[in-house]
Every structure is written in C-alpha cells, then in structure tokens.
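Note that the chains are named A, B, C, D, E and F in the order they appear, and that numbering of residues resets to 1 at the start of each chain.
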Amino acid sequence: MATLAPPPDPESDPRVRAVFDDIRRTRGSDFVNNLWRWLAFDPALLEEVWRDVKAVMATESALDAKTKEMIYVAVSIVNACDYCTHSHLAAARARGMSPAEHADLLRVVSTAARTNALLNAIRPPVDAAFLAPDPDADG
Amino acid sequence: MATLAPPPDPESDPRVRAVFDDIRRTRGSDFVNNLWRWLAFDPALLEEVWRDVKAVMATESALDAKTKEMIYVAVSIVNACDYCTHSHLAAARARGMSPAEHADLLRVVSTAARTNALLNAIRPPVDAAFLAPDPDADG
Amino acid sequence: MATLAPPPDPESDPRVRAVFDDIRRTRGSDFVNNLWRWLAFDPALLEEVWRDVKAVMATESALDAKTKEMIYVAVSIVNACDYCTHSHLAAARARGMSPAEHADLLRVVSTAARTNALLNAIRPPVDAAFLAPDPDADG
Amino acid sequence: MATLAPPPDPESDPRVRAVFDDIRRTRGSDFVNNLWRWLAFDPALLEEVWRDVKAVMATESALDAKTKEMIYVAVSIVNACDYCTHSHLAAARARGMSPAEHADLLRVVSTAARTNALLNAIRPPVDAAFLAPDPDADG
Amino acid sequence: MATLAPPPDPESDPRVRAVFDDIRRTRGSDFVNNLWRWLAFDPALLEEVWRDVKAVMATESALDAKTKEMIYVAVSIVNACDYCTHSHLAAARARGMSPAEHADLLRVVSTAARTNALLNAIRPPVDAAFLAPDPDADG
Amino acid sequence: MATLAPPPDPESDPRVRAVFDDIRRTRGSDFVNNLWRWLAFDPALLEEVWRDVKAVMATESALDAKTKEMIYVAVSIVNACDYCTHSHLAAARARGMSPAEHADLLRVVSTAARTNALLNAIRPPVDAAFLAPDPDADG
C-alpha cells in the first residue's frame, strides 16, 4: 500500500505535464510508470528526480545502458526496494539482459553480500596495494 | 582494527596452503590479500569462501569480469563495506575500468540510492508492465 | 503476512491490559494499533517497547513532536520498514506535517541517501572542521 | 583511506572552479570541505551533486534548515556514513542545534531503529487507519 | 510479486532434480520450498546456493541447529528479507525454539539495532580491551 | 573519530555516577567502556540505554548469555557497526564462545546475507507452510 495518494489528474498541472511529456519522448513510449504518477504530488520533487534519473540513466555515458540498469538493480536489491528491483530489472531486460546475465547478476550480488558481511565482521586492514593510485594516474 | 587475529604462519596449515596456492595460480600473482590471511583462522571457512568467490568472479560467465567487479563494488558501497569497496575497485581498475566508468558507477549507485529511498518512502504499487514475463519467455 | 500470531484476546492478560490502557490514555484515543496487538504475544517485551516509545515520542522534550515523527519516518524509510513508515507518517500528519513538509522530508531523505552512497564509495578524510568541539563547548 | 585520489589542483578546471565559487558564495565562507574536493575528480558529477544538495539543503523550503540537517543526520547514521554524520552534525550545530536537541535526535533515531527491527521481524498488517488519505485531502 | 518466473516443470532438468532430491533427503520431507523452485531458473546457481546452505545449516558444527537458525533470522530481519524471516523462523520453531526464546530473539535483535544506531551516531573509539587477542590465544 | 565529546568528568554528575556504579556492580568489574562514557553527555539517554541493555543482556532469560551475545554480534555486523561488533565479540568470548563457534557465527551470518540478497532479488511468494501457526499453538 502506498503511503501517500497520487494526484487524481496529474497532467492538469503544467509542470507535471511537461515532465510526463519528456518521459514519453525520452523513452519513445506512452507508458508513464507509477513512480512518476506518485511523485507528481509535488511537482518540484518530480522535476528534480526526473532530471537526475534522465541525466544518469537515459543519457549516453561511459557505461552502456544495460550495464547501468544492472548496477541499479544491484543497489535496489541491497536497499530492499521492491518497486525499484522490479522496474530496473524490466529496464535491464528491455536493454538486452539475457536470462544468463540475470543469473550472473544475482550470483555477483549475493556473493558480494556474503563477503561484505564477512569483512564487516572481521575488519582486516585494507591492503596497501588497494589504495587509490596517485592523482596523475587516476585523474 | 580487526576483530580477530590472523594466524601468524597461515601456510603451515596444508588446507590454507592449498587455498593460497590456488589464489596465486588463479590470479597469476604472488599477492594474497588480507581477506584470505584473516579467513585462514578457520580453514574450512576459507575454503568455502574462496570456492564461492572463485566460481563467481574468476570463472568465465555471461557477464565480463569488469562488469562483475563494478556490480560487486556497487553492493559493497551500499553495505558500507570499506575493505570490499577498496579491494573490488582495485580489481575493477585492474580489469580496465576507466576513470570515466568509475564516475559513471558512482553516478548510478548514488542515483539508485536516492530513488530507492523515495520508493521505500512512497511505496506505489508495482506496475503490471514490470511483472515477470511468463516462464517460457524467461526460462 | 505476519511472522507470528497475536494473542486472540490480549487484554485478558492484566499486564497487556495495563499497557493498552496507558496507550489509550496517552493518546486520548481508543485506537490501539497492530504493533501493540502483536507485541502482546510477550507482555514483558510489550511493556519495554511501550515504555521506550512513550518516553521518547510522547513526552515533551527538546524537539517538538512533529519533528520527532519526521525523524522517525526518515529512519524507517532507510531501514525499509513498511509498517513504521506508514504509522509514523500518519503520526506526523496528525501532529501537523503539511504536504509541503512531507515533500521536503522525502527530498532530504533521498538526497541524503544519494550522498551517503557517494561518501561511502569515496571515503574522503573527515575535515578537521567537523570534529567534535571540546567537551566544555558541547557539554 | 579514500578510494580515489582527488585532483591535486581542482580549481584549474573552470567547471570545478565555478562550483567551488558557488559553494563559497552560498555558504558565505571560504571553506570547501573534502566531499567537494574529492568529487572534483569528475566535474559533471560534482555539478550534479552540488546542484541537488544546494536545491534541497541551501534553499528555503517548508522545513527550516536546522530540521533538514537533523533529518540528514538521521539518514546518514542508518546508512553508516561516517563522513556524512560528521559533516551534517556540524551543519546542524551551525544552524542552532543545541546539545539537548542533539540528544533528542539520537534518542529518536535509536528508538526508531529498535522498532524498525521489531516490525520487520513481526510484520503485522498495516492498520487501515494509517493508509494514505484520499487525494483531495492530501493533494 | 516475484521478479522472475520459476520454470514450470523444474525437475525435468536433471541438475535441478538432483538438488531437489538432495533437499528432500537432507530434510526427510517431500516439501521443497519456493526459494529452490525459483532458483531453479538457473541450475548452476541453484547448485551453488544449496551446497552452501546445506554445508552451513544442515551439517553438524560447533553451534547447534536451533542457534544457527536464530542467528539466520537475526540477519534476515536487519536485511529486511521478508521471505527469509518467515522461512528461518519456521526452521527455528521446527528445531525447538520456544515462544519465550522467540521473544528473547526479538528483544536482542531490536536492542542491538538501537545501540548500533547510537554507536554509528557517536562513534567513540573502540576500547583497547575489546581488541582481538593475540593469535596464539585465538587461533 | 567521535562525533561528540564525552564529558571530561562524567561521574561528577550523580545520575551518571549511579549508572556507572550499576554497570560495575552488574559486571563485577571496574571497567566502564567508552559507549557509556560518551553517552554520559546526556544522563537521561544514558539511563534509558543502560536500563534497556541491562534488562535484555544482563538478566536471565530464555536464551543463555553467550547465545544472546552472538545474536547481538550478528545484528551489529549487518548494521556495519564497528564498535558494537568489537564490544559484543569480546562479550561473547568472555561468555565462552570458542574459536570454532566464532567461525560458525561468521559462516551463518555471511550465508544468511547471501540468501537475503537472493530472496530480496527474486521475491518468491512465502510458502503457506511458513505462515505463523494459529495463536493457541504459538501463544
């Protein structure tokens, strides 16, 4: 059950309408999913979140779109976000994630969760070899 | 500070020695990082964790090694695991992650964390469009 | 689905009855929400949790009741607690949280979650300027 | 230890310089804390994060600045973010948080964490009384 | 709602059949719970997870089976895993956890969550008395 | 680094003195660890937290003291609480946890973390067999 009620006619607000139109244009689809319909309760928040998600996920960057969606799913699983896990798995599938890649994603996420627990339990010193390279090498 | 003391001469135990040898062989390097040196306090646990990490991270699979390391980092960040974030960022760099990809990884992880919080706060219903496809399509 | 069954007639136990009566008296309402009905499976635990929640949330203190409820909601969102997010949003509304304040709460929580992920990923040194002031200044 | 190296002379990049100048102007101080110095390794990410943090935390909105900083601290504690807890406690103090309010913040955060664990363990149904009011009442 | 579809006839795959048979034999029961039915979408992952869970939870070791199930529940609560909390509470009951022990488990988990939040908020130095004993004493 | 400064002479406050005396008496030791020294910045909070921790951890109950300390450690690991992991591992050792039990604890915690991630990723329906027994059976 949602913790707030979405506005019944969100696109009657021109700021919401503009965001929804940009979502449709960016995705080439008429579908506007519930995240945005609920966020419409506060048009400024809707604008900010969409601008951020669009800049990160719908803009070409160093990582390809499928990899970005799989990383998004990994974070959503660890944060126990049901909605996000569903929506970004769907997006990863739409960008070509195969069932074998899906299984691999779960394999990496769950093994990482296991060793994260072990290392947070044992807390050995970080090896010098893992320290950040010097600025000129990294920058 | 570590919460337990590593054995002072771990390779005097033949089970530990066998795992360390396999780590060196698998990685083509003499370096055995602290995780394994501390896990050596319990040879059976060391064997289990190495077998799992090797199977998932050092074996060819659907996802390439660099992508798997970046997903591992994403999980480690959310679980606030300092050691794991360092060690798997180093591994991702060793497998070719560029500074631009590193920045993209942080961008996706932090934006996902933001919307995870929003969705766990609002909890709208999951759109029917995101539900798992039927078994024949997915299996 | 709950993971344990609440007692069918909780107020037949005089310790439960006393807590429920105090909840009603403190809140000026006949409504006793499900948290307490389920906790009644162990009267001692019920007493301890109610004593703590009452002392912190239903007693006058430095922060006003609405602010405390919003902080409670923030923690509940990050811990992915569905029940708590609902119940303390309702309490915050009852203490006067406006829709604009609700939106602001979500804005702060989600932006904090974003930078928490970034900082747990980058782990820069804490600036000396942020260190705790000396005892005489703070105490 | 940080997981990446900050650029040695960040303000030689005009995009970084512009953000640092805006940070100084917004805060009325010459101090630019480490978060921004490390984020400067990727000017676009620096710009995005500063724009978001400025919009949420340094712009007048429904909640006052002190309350927003305390909510930020609450989230940072639960996400185990050492840097963020330090920096936003400092900001809350700078905006007038008294030691008594600081104690109250810790009291609410820790009691919420306790009941979050209890409710995630018991998972009783959410009371109908806590459901979102209908849109006209809330919107 | 699940995020992927389980195979409709999982035991037609001989690798899945072998794991399911081992689950039935190990537990002395015909019941194979949904975790394994869904994991069957990837037989290799199913094999790895079952091998790990069997080695840790269904093999005699230093801790008795009931204690291990209660520790498993504690972790699952904090990770907000609904399925795991249900399944391992059922397992703990089957291994003799009494209602009083169940209540005690919740009492410890929730008090730990409270002080975890306090300590992650205050971050006092770890007392020298808590440091790991030297290897000869511990190893 | 701590985020607040402990009072320099905590026992000059009679409420703090009373709590410290009770800690010493309960534990039969002169040692008062840093948690309490830092909490002394707010005597009421100190009293509340000590009363809760004493009731749960230093009072006879259904679970033995060693088991309770190990469950406390499990929760502290998942919440990434460095201080708590150290202090409750020390307490578990003092109550007889052997190195083999320590290893078993890590084995259960890390395997639980792995399957928690898997189940939060897959989210299969909870089996009817795991549902809470009816009240008369459980109460």
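Throughout what follows, a contact is a pair of C-beta atoms (placed from the backbone, for glycine too) under 8 Å apart; a residue touches a chain by one contact, two chains touch by 3 or more.
Not measured: the values here are computed from a predicted model.
Chains that touch both chain C and chain F: A, B, D, E. Common neighbours of chain C and chain E under the contact definition above: A, B, D, F. Because chain A and chain F share one sequence, their contact can be compared position by position; here over half of the interface residue numbers appear on both sides. Put simply, the chain farthest from chain C by mean CA position is B.
Copies chain A and chain C of the same sequence differ in orientation by 120 degrees, per CA superposition (steps of 5).
A centroid comparison over C-alpha atoms places A as the chain most distant from chain F.
Centre-to-centre spacing of chain C and chain D amounts to 19 Å, using the average Cα coordinate of each chain.
Inter-chain centre distance (chain B to chain D, centres taken as mean C-alpha positions): 28 Å. Taking each chain's centre as the mean of its C-alpha atoms, chain B lies 34 Å from chain C. Within chain C, contacts with two or more other chains are made by residues 1-4, 6, 41, 48-49, 52, 75, 77-82, 85-86, 89, 99-100, 103, 106-107, 109-118, 120-123, 126, 131, 133, 138-139.
Residue ranges of chain A in contact with chain F, taken from their complex: 73, 77-78, 80, 82, 85, 106, 109-118, 120-123. Across the complex, chain E meets chain C through its residues 80, 85-86, 89, 99-100, 102-103, 106-107, 110, 117. Across the complex, chain A is touched by residues 1, 3-4, 41-42, 44-45, 48-49, 75, 79-81 of chain E. Contact residues on chain D toward chain A in their complex (touch as defined above): 1-8, 41, 48, 52, 55, 126, 131-139.
Of all residues in chain D, those touching chain C in their complex are 1-4, 6, 31, 33-35, 37-39, 49, 52-53, 56-57, 61-63, 67-68, 70-72, 74-84, 86-90, 93, 98-101, 103-105, 107-109, 111-127, 129-131, 133, 138-139.
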